[in-house]
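What follows are several structures.
Each of the two complexes below includes chain A, the first together with chain B, the second together with chain C.
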Partner chain A sequence: MGGTLNLNHLLFLGHGALWTIGLSVIALIGGGAAGFLIALCRVSPSRLLRILAATYVQLIQGTPLLVIMFLSFFGLAAIGLNISPLLAAGASMTIFVAAYLGEIWRGCIEAVPKPQWEAAEGLALSRSQRMVKVILPQAIRIATPPTVGFMVQIIKNTSLASVVGFVELTRSGQIINNSLFEPFLIYSIIALVYFSLCYPLSRLSRRLERTALQKKPALA
Partner chain B sequence: MNAHTPPPVSAGTAPVVALRNVHKSFGPLKVLDGVSFEVARGEVTVLIGRSGSGKSTALRCIDRFETIDSGEIEVCGLRVDNPQLDLRALRLDVGIVFQSYNLFPHLTIEENITLAPHSVKKVPKREAKTLAARVLEQVGLGDKLHAYPEQLSGGQQQRAAIARSLAMQPKVMLFDEVTSALDPELTGEVLKVIEALAADGMTMVMVTHEMGFARGIADQVVFMHRGKVHEAGPADILSSPATPELAQFVGTGL
Partner chain C sequence: MGLELDFSVVLDRWQSLLDGAALTLELAFIAVICGALIGALGAIGRRGGNVLIARLCGAYVEGIRNTPLLVQIFLVYFGLSSLGLKFSAFTVAAVALTINVGAYTTEIMRAGFDSIHKGQIEAAEGLGLSKAQVYWHVVLWPAIERVYPALTSQFVLLMLASSVTSQISAEELTAVANYIQSETYRSFETYIVVALIYVVLSFIMRLGFWLLGLALFPRRRRLGTPL
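Let's look at the complex of A and B:
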C-alpha cells in the first residue's frame, strides 16, 4: 500500500498549511479582541471586573489547550450542540489566546510609568482620554515585540486542533502518513513548514525589541 | 515650638489655596500632622524642609494626588477633602509640574501642549496650536514645536512641561521639585521661567531645595519639619530663622 510522496500529497500539505495560517489569524483576531478587553478589565477601577478577568485568566492558563479543544468539540456534542471542527478549533484558540494576550497586554499597560498617568490626570484628562491618548499608545509600543513573539506560540498550538479533526498542517500530515507510512519524512516536512512560519516571526520580534530600545530618529 | 504665623492675605479676597489642620498617614507613618497654611492670589509660597518632612505630600494633597485622613483643603473655592469632588474641575484650576517632567514621549511638544486644551476644554485644533506656540514662546522654546521630548535637554523638557501646564490657564500652579533632576546649569533656565511667571502674577506653590531661589521669589516660606509647619513667614525668615531647626536647615543648605 502507500506508494511514494507525490505532488498531490504536497498540495494537500500546502492546503493544510494554509489552514494552519488561517486558524492562527482567527486566533489572533478573536483572541486579540477578547484579550484586549481582558487587559482593560484587569486594570479597571472596578473590583468586580478585575476579579472576573483575573479568574478567567487563571482558569484558562491552568487548563491545557488540548482539554479546551476536547471540551468545545466533544463536550458540546455530548450535550447536543454539534459544532464544526473549524468552529470548535477557532473558539478554543480564541479562548486560549485571550487569556495569554490579556495578561501580556495588562503587563504592558502597567509598564507605562505611573508618572505618565499622573501627568495626564493633572491635565484634567478623563480616564478614557488618559487611556486612549496617553497610556495605550505607549503600551502598544511596549506590547509589539512580545505580541509578535506570542504569535509563534499561536501557530504552534494550532497543531492541537488536529485532535478535533480540523485538517490543518499536522492533521494533513497524519492523513498522508496513514497512506504512505513515511513518518520520518512527512513529519520532517511538517516540522520544516512550522519552522519557516515561526522563525521569521521570532526574528521580527527580536528586531522590534531592539529597535524599541533605540531612540526615535530626529524629526525636528 | 510651632512658630506658624499666618501669611499676609490681601484684604477681601479668599485664599486660592488653604490647608487647615491636615492629617495624613502612610500606614503607621504620620506624614502630615496638622498642617495649615494659606496661599493668597498672586502669591508665591515655597515649601521647604528635609526629605520626609511632608512637603511634597502636602503639595500633592492640594491636587488630590493623595487623599487626606482629616482636616480641610480648599482650592479655588473647591473642597478638595470632599470625596465627591469632581477631580477634573479641580485639575482645570490647578496646574502641576513634576520633578521628572512627564512629557508624553509619543507626542511632539506641540501635541503634548494641545492635547488637554483640545480634548478637555474643546478648544478647536487651530486655536490650540496658536496657544501652544504662544506658551512655548513664553518659556523660550518657540522653535521646538515639532520636536519630540527625548530630543530636548532636561531643562528644555521641564520648560515644555511648564508650557503644557500653562496652556490650560490654571488659576494656581504647583511645582514639585522641578529642578531636582537637572544639572546646575540647566536649573537656571527653568528657574528663570518660573520667576517670569511669578512676575506675571501667577499664584504658585512650590517645593524646592534651591534656597537662593526661594529667598528671591517667595512671598511666603513654609518650613516643614516632621509633618508639621514648623515655621512660616515672609522670605526674611530664611535670613533670620526663629527656630533652631530652620536655622540648622538653612545653615546646612539641605
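Let's look at the complex of A and C:
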C-alpha cells in the first residue's frame, strides 16, 4: 500500500496499452493469415480439406480463449519449451482469431453472387484465376465491415493474456492495484482506455456497413 | 523434449470436473434468462419515443460492447465491495455476466425489431388488434424468431466467456481446472480435458436451443422455412 495515483502509474498504464495494441496487431496479422487459409480450405473442392478446416473451427469456437491461453502456456512448457508470455499470448490469439476470421471470411466468399462464379467459369478461367481475379476482390469488399468489427473483439480479448502474465493493459492495472489498492478507480481508467480504443473501430465498422448496403444493388 | 501424457490423475477427479461443468451451465442459464429480459427491455427502450431512455440504453450497449468482460467483472466485483456490499463470487459472476450479455441481446433484439415491416403493423392495426396484441403477436415474437440464430450463438459465446469468472474465483469449470492442475502438476492434460468438456457443453447448448426453437416457433416447425 503506498501513495496515490501519480504520473508514473499512468505512464506504466500507457506502456501496457501499447502492448495491448501490439498484441492485437500480432493477433490480426497471424490470425488473419491463418484465417485466410482456413477460409480457402472451407470452400475448397477437396472434401478432406473442408472437413479438417470445419473441425478446427468447431473445436476452437467451442473452447474458451482463456483455456486456449492456459493450454499454450502450460502445454508448450510441458513439451519442454521454455515459453515466454508474449509467445504464449501471441500463439493463443492467433489460434483463436484464425477460427473466427476464417468463418467470417468463408461467409464473405460464399456471399459473392453465384452468377459471378459461373461467368468466370464460362470465361474459361482456371479455379485459382477465378478466385484471385473475380471472387476475392469482391469478397474483400464484403468482408471489410465485419473484419473491422471483429478487431474490436480482438482488442477486448487480449485482456485475457493477463492470466499468463503478459503485461498488457489489464495486467499493468492489476500490478498498480497491488500497490495502491484502489481497484474501482484503476479498473475504471482501464475500461475507459479500452473504450477509447474500441469505440472508434465500432463506429467505423458500422459506417462501412451502411455504405456497403447503399452500394449493394451494383453488386447483384 | 520427452512428452508423457498421463490423463488418469485428471480423470480421477471427474466428480469435481462435473461439478464445475454444472456450475458453468448454471451461470450461463441465469445470465441468459436475465440477459434476455434486459435485452428485450433495452431494445424497446432504445427504439421508444423517450430520448433520454433511448440515449441511456445506447450508452449501456456501447459501454459494454467496447470494454473487455474481464474488466467488467473486476469493476462489478470491486464496485459492489466498495459500496460495502458483500456477495459470493458466484453472485458477482452472475451479475457481471448478465450485464454483459444484456447489452449484446439489446443490440440483437433491436435489429430484430427494426426488421419488422411497417406494413405488418399497419395491417394488424387494420384488423383491429389492440396495441398490446400488435406488440406481442406482430412485433415481439416474429422479431425473436428472426434473430433467434444470432441470439443463441451469442448465448453459447457467453457460456464460453463465463470461464473468465474463474479470475474472481467463482468455482466454475475453469477454476476447477486451475485447482486440479495446481494439485497434480498435470496442467497440459487438465486443460485438454477441460477444453473438450467445453466443446461438449457448447454442443449441448446448441442442441438445446435448437429443440427450444422447434417448441417456440410452431410456424417454422410446420413450414420449415425461415421467416
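Just so we're on the same page, the second predicted complex is superposed on the first by the 213 of 220 C-alpha atoms of A that agree within 3 Å, B and C clash if a C-alpha of one lies under 4 Å from a C-alpha of the other, contacts with A are read in each partner's own complex, and residues count from 1 in each chain.
The definition used in the following text is that contacts are C-beta pairs under 8 Å (C-beta built on N, C-alpha and C of every residue); 3 or more make two chains touch, one makes a residue touch a chain.
What you are looking at is a predicted structure, and each value in this text was computed from that prediction instead of being measured.
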Touched partner set for A:122, first chain B, second chain C, both or neither: first
Contacts of A:199 with chain B and chain C, given as first, second, both or neither: second
First, second, both or neither for A:7, with chain B first and chain C second: neither
First (chain B), second (chain C), both or neither touched by A:187: second
Chain A residues touched - chain C or chain B, whichever exceeds: C
First (chain B), second (chain C), both or neither touched by A:70: second
Residues of chain C defined as touching chain A within the complex: 1-3, 62-63, 65-72, 74-75, 77-79, 82, 160-161, 163-164, 166-167, 174, 177-178, 181, 187-188, 191-192, 194-195, 198-199, 201-203
Complex contact set, residues of chain A against chain C: 58-59, 61-68, 70-71, 74-75, 77-80, 152, 156-157, 159-160, 162-163, 170, 183-184, 187-188, 190-191, 194-195, 198-199, 202
Chain B-touching residues of chain A, taken from the complex the two chains share: 115-116, 118-126, 129, 133-134, 137-138, 141, 215-216, 218-220
Complex contacts: residues of chain B adjacent to chain A: 63, 65, 87-88, 91-92, 94-96, 98, 100, 102-106, 108, 115-116, 119-120, 144, 146-148, 150-151, 161, 164-165, 168
